[in-house]
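Before I ask anything, let me first share the structure, which is written out below as structure tokens.
All chains are identified by letter, namely A, B and C, in their written order; residue positions are counted from 1 within each chain.
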Amino acid sequence: MKLTRITGLAAGSMALVLVASACSSSATTAPSAAAGAPASAAAPASAAASGAVGAASAYVPPTDAGAAKGKTIAIISKGEQHAFWQAVKKGALDEAAKLGVTATYQGPADETKVNDQLNMLQTAISNNPAAVCFAALDSKAAGDLLNQAQSKNIPVIGFDSGVDSTIPVTTVATDNIAAAGLEADKLAAMIGDSGKVAIVIHDQTSQTGITRRDGFVNEMKAKHPNIQIVSIQYGAGDHQKSADLAKGIMTANPDLKGFFGGNEGSIDGVLDALKETGNTGKIVAVGYDSGQQQLDAINSGAESGAITQNPIGIGAKCVDAAIDAVNGKTLPKTIDTGFYWFDKTNINDPQIQAVLYK
Amino acid sequence: MQTATASTSRIRTLASGEYVQRLLALGALIILLVFFSIIAPHFASLENYRNILTATASNGLLATGVTFVIITGGIDLSIGTGTAFASVALGIVAVNLGLPLWLGLIAGLVAGGVVGLINGALIAKLKLPPFIATLGMMYVTIGMAQVLSDVHPIYFTDPQPAFNGFFMGNPVAGIPNTVWVMFGGAIVAWILLNKTVFGRYTFALGSNEEAARLSGVNVDRWKALVYVVCGVFVGLAGIVLSARSSSAQPSQGQGYELDAIAAAVIGGTSLAGGEGSIVGTMIGAFLISTLRTGLSVDNVPQQWQYVITGLVVIGAVWLDIQRRRSRA
Amino acid sequence: MSELLVEMTGISKSFPGVHALEDARFELLPGEVHALVGENGAGKSTLMKVLAGIYKRDAGSIRIKGREEEVPSPHAAQSLGISMIHQELNLMYHLTVAQNIFIGREPRRGLLLDEGALNAKAQQLFDDLHLKLDPRARVGSLAVAQQQMVEIAKALSFDSAVLVMDEPTAALTDTEIDELFRIIRQLRDQGKGIVHISHRLEELKQISDRITVMRDGRYVATVSTAEAEIQQIISMMVGRTVFEATPELPEERDPTVVLEVKGLNRGRQVRDISFQLHRGEILGIAGLVGAGRTEVMRAIFAADRPESGTVLVKGQPVSIRTPQDAVGHGIAYLSEDRKRYGLALSMDVEVNTVLASLRRFASRLGWVRAGATRAQALKLVDQLAIKTPGIGQRVKNLSGGNQQKVVIAKWLTADTDILIFDEPTRGIDVGAKSEIYRLLNDLAKQGKSIIMISSELPEILRMSHRILVMCEGRITGELSAAEATQERIMTLATQRQSVAAASPETSTAMSVGAH
């Protein structure tokens, strides 16, 4: 009598796994159409052999705080864990100090903690700041709070992944779609424009996760039809998880030629996995952001290149845009803070060095 | 009539649930291995098995440590974030202070042990419920890890290059040393649990704490010690995690406690206390890693991976309750 | 050389809401068996727990072998040479017999435990005491009587000068009791002092040298057993004379069958059980410990699912798959371990009273009507004369007898009319016992039907209108009140299957009930 229960349970779970596997092969997370962040400024020119690409938009930051002087700008970011966010924080706080405004900077423990972030946003709004800067982990979930801010006449500035809503007066961000597209082109070039590649990225709910993935995937589909993306796995930016996922992908695809790591934690995990399987140098890895491990890897050749954003610029421009908004200036829809492709050849250029962080 | 009942009760003891649960878990593991080998063509390879072992190293250590706690009828939710604290301690000593690596390793173990000691004091002396006490410490440890590291990862690559090389080096059968560390830890834990007074009292506390107290056992002291032992394993897990990524990540480990507890429960450790085994826990840890790896090799979408893992854990706990009920 | 082993004077102890001991005293000579008696709540267990280091006294002094001592913990008591066997079992059910007995004193080899030596030591102990226990058996798998023997063996293993036993014979059969008494006499002759707390006065007459009586937390008197009369002791315990009620039998037996069981089976302990219960009847179920009486009732109540058999309530076959179904059909089961299975100990009298019938006291949406539950609890406390400071009193603070009354209150509130009592007066003092008997008779007169499992033959003989006797899972015989005697019951209780087949005379004594 008990045995039938056990076999029933086993059969049930196997069926579930089979169904899940079927689901996976039929539709590997259908990438949505490019999210509504219109590319501004220069198109990612694949013609550019190397060096800075994706110039910042023609936005002139304020030199005086004006009506915002002495007031508080609340910044809610997606997290504090990676050095990237610390760099954003530094950029923001430095700019605030320079212009004589107070900036507060908060972020949840990790990028899956959507509710924690919403709580922080709620608290921030309740304290009636002069403006709010917000990088949504989940745009739609924040809808109500944004309405609240709007009804209190608190301008909202989106940054990094921004907010998928009409409420923010501007979004200060990297053009992730263009950046990831560039990355795809670079990777394709490095593996002879054909073969299998895989993506390890942090999540599929935040704008950065979605746009980077889609930017990469769409570019590959459009310009590099001989390249097959065999797997897209989500490791929440956790090193260990990302490493184990990458190993699983390599096991399933022994002829894999390239990896795209969609954020710092993801690419760090991929690099660990390559090292552990002895595939460093055999499989091409390209990453995102910087951080000590990636910088070392690029210098040693383990990683072939990465896109760095301008985190300090993002933080600073956030504060600038907030000040402008308080002073009633009209702002462009997006403020592109620029991205750069860097590899061994240009890593020591002062321009690149300025936006890298350890 | 009495001798007859004496020996039948011995047979009943042997056929009792614990061994059955362990066999069930082992059986499930084997079924999973076979299953994934069939549906995912590259699963059945030496390299993949090595991957599974490597992936289990940290969870295996955490699960082993928490097994002791669960046997006493308690729980420790701080084991996940505790690894961050231990890693940071190791990083500060071996990198920031520039001291030799072995000192750093000791610092990591001591950091874990200290957290365990605090847990033990809160639970045994101040009589806080384990859930609450360790939940609080979960936040404290991750907070302290970030405070001490200034929310910045500490890298070992330059100052302590041997760190990663040693632990991830694989001189024996191509299996990284972290795995042997896990097995070594499991063996030590097994000896502790089954062959020492400490282990005996761990079971006694979980079986009937009041009876133990009335029998003259210093319940407070031994209970606190259980949490310290768990903490040392947390320290070891932190070391292993840092070795792999050659860095101390101040926000690592969040959510790791759930996998560890799941592994212990799947392996037959009862949340009600009084029962558990290291062998079972190890089987449980491998089962979870195999499941995860298999699902990712089979390219199952992330969402479904969560669902399936959750169902397996529920199934395991349900089976555990069923067999205990039928034995009563 | 009769220096006192133990001398306790002026002992006072209070718990929240109750003065357990007031200026109590007790003394113990070496080489004596000293009985300690009193009603429930008299303070006997409490006084001994103070001696054994489990409670700390508020006032008074304790002298061991003439020296003033503090006894701050059980461990300290052990080192002073005092061991106690408790009324409730204090065993670690996941550990083995040997592991339980020697917890804290395990033999070691270096740093590691020496399991072989442990088991050998236990076996040696059992051989010395002529006990048949398996050192390697898991305590959780043993029967209650055997678990009790483990407790006894454990206390004896300390070779203490003073041995306190709190209701040691409660779960034992007569054979085991004889064994125990033999051991007690052996220890006494060795010069040890033994304190024997018990309600079974006839037993105490057999085994004790002196008897001390306590009442309401105070010392009453100490008498020599040889000179004392049971009636006299009872008077001292109760403070009044207690009438020995004669068994009451209804003039006419109501022939309506309220409960019928046919062919009930469950494993080896419930084998082909069939019987009938009539309205207003008290049906006694007798048998040795292990005969399967509790198991039969638990199977009827679906606390354990039976494998086969039919149950008919008021003539209709019913499907009872869970205790909830049973209660729905008006069947109540009061288990022998009331603390574990009958009460929510940390909750109060009021909650426990309505626990089985909450739906009746709640509105459709689930809101509990506090006024109604209060009224019900007060009514029953009055009706059953439950001694409690109030209905808000936590049940765990009540004495055993009053706890039992709360359980009865619960089932009366649940409007059940088939009541199965499993050892209803276990651990209850004489005064409360006769109250329970009166209650049972009243219930029967009101038309409720009662099944009463009891291991006390005098109790069964006194209360039952009819008696079924079980042995090893089967019903071996049925006796009417008129024809029942202790001998006849004993014969049937020891009558195993093969014997029954062989002797036709005893077979005819078995009535229809056995089919």
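As a convention for this text, a contact is a pair of C-beta atoms (placed from the backbone, for glycine too) under 8 Å apart; a residue touches a chain by one contact, two chains touch by 3 or more.
The model shown is predicted, which means the values in this text are computed figures rather than measured ones.
Trainee: Is the C-beta contact count larger for B-C or for A-B?
Mentor: If we tally the C-beta pairs in contact for B-C and A-B, the bigger total goes to A-B.
Trainee: Indicate, using Cα centroids, the chain positioned nearest the centre of all protein chains shown.
Mentor: The most central chain here turns out to be B.
Trainee: How big is the gap, in whole Å, between where the Cα atoms of chain A centre and where those of chain C centre?
Mentor: Each chain's C-alpha centroid was found; their separation is 70 Å.
Trainee: Between chain B and chain C, what's the gap in Å when you average each chain's C-alpha atoms?
Mentor: 43
Trainee: How many angstrom lie between the CA centroids of chain A and chain B, rounded to a whole number?
Mentor: 33
Trainee: Can you tell me which positions in chain B touch chain A when the two form their complex?
Mentor: 24, 28, 31, 35, 39-43, 45, 47-48, 51, 54-55, 58, 142, 146, 151-153, 155, 157, 168, 176, 241, 244-247, 249-252, 254, 292-293, 295-302, 304, 307-308, 311-312, 315, 318-319, 322-323, 326
Trainee: Enumerate the contact residues on chain C facing chain B in the complex.
Mentor: Touch list, chain C to chain B: 54, 73-75, 78, 86, 90-96, 99, 103-104, 106, 108, 111-113, 132-134, 136-138, 141-143, 146, 154, 290.
Trainee: Given the complex with chain B, which residues does chain A contribute to the contact?
Mentor: 2, 5-6, 9-10, 13-14, 16-18, 20-21, 23-25, 28-29, 80-81, 83, 86, 109-110, 204, 230-231, 233-234, 238-240, 243-245, 247-249, 251-254, 268-269, 272, 275-277, 291-293, 296
Trainee: Looking at the complex, which residues from chain B come into contact with chain C?
Mentor: 1-3, 5-7, 9-10, 12-13, 16, 191, 195-197, 199-201, 203-204, 206-208, 210-218, 274-275
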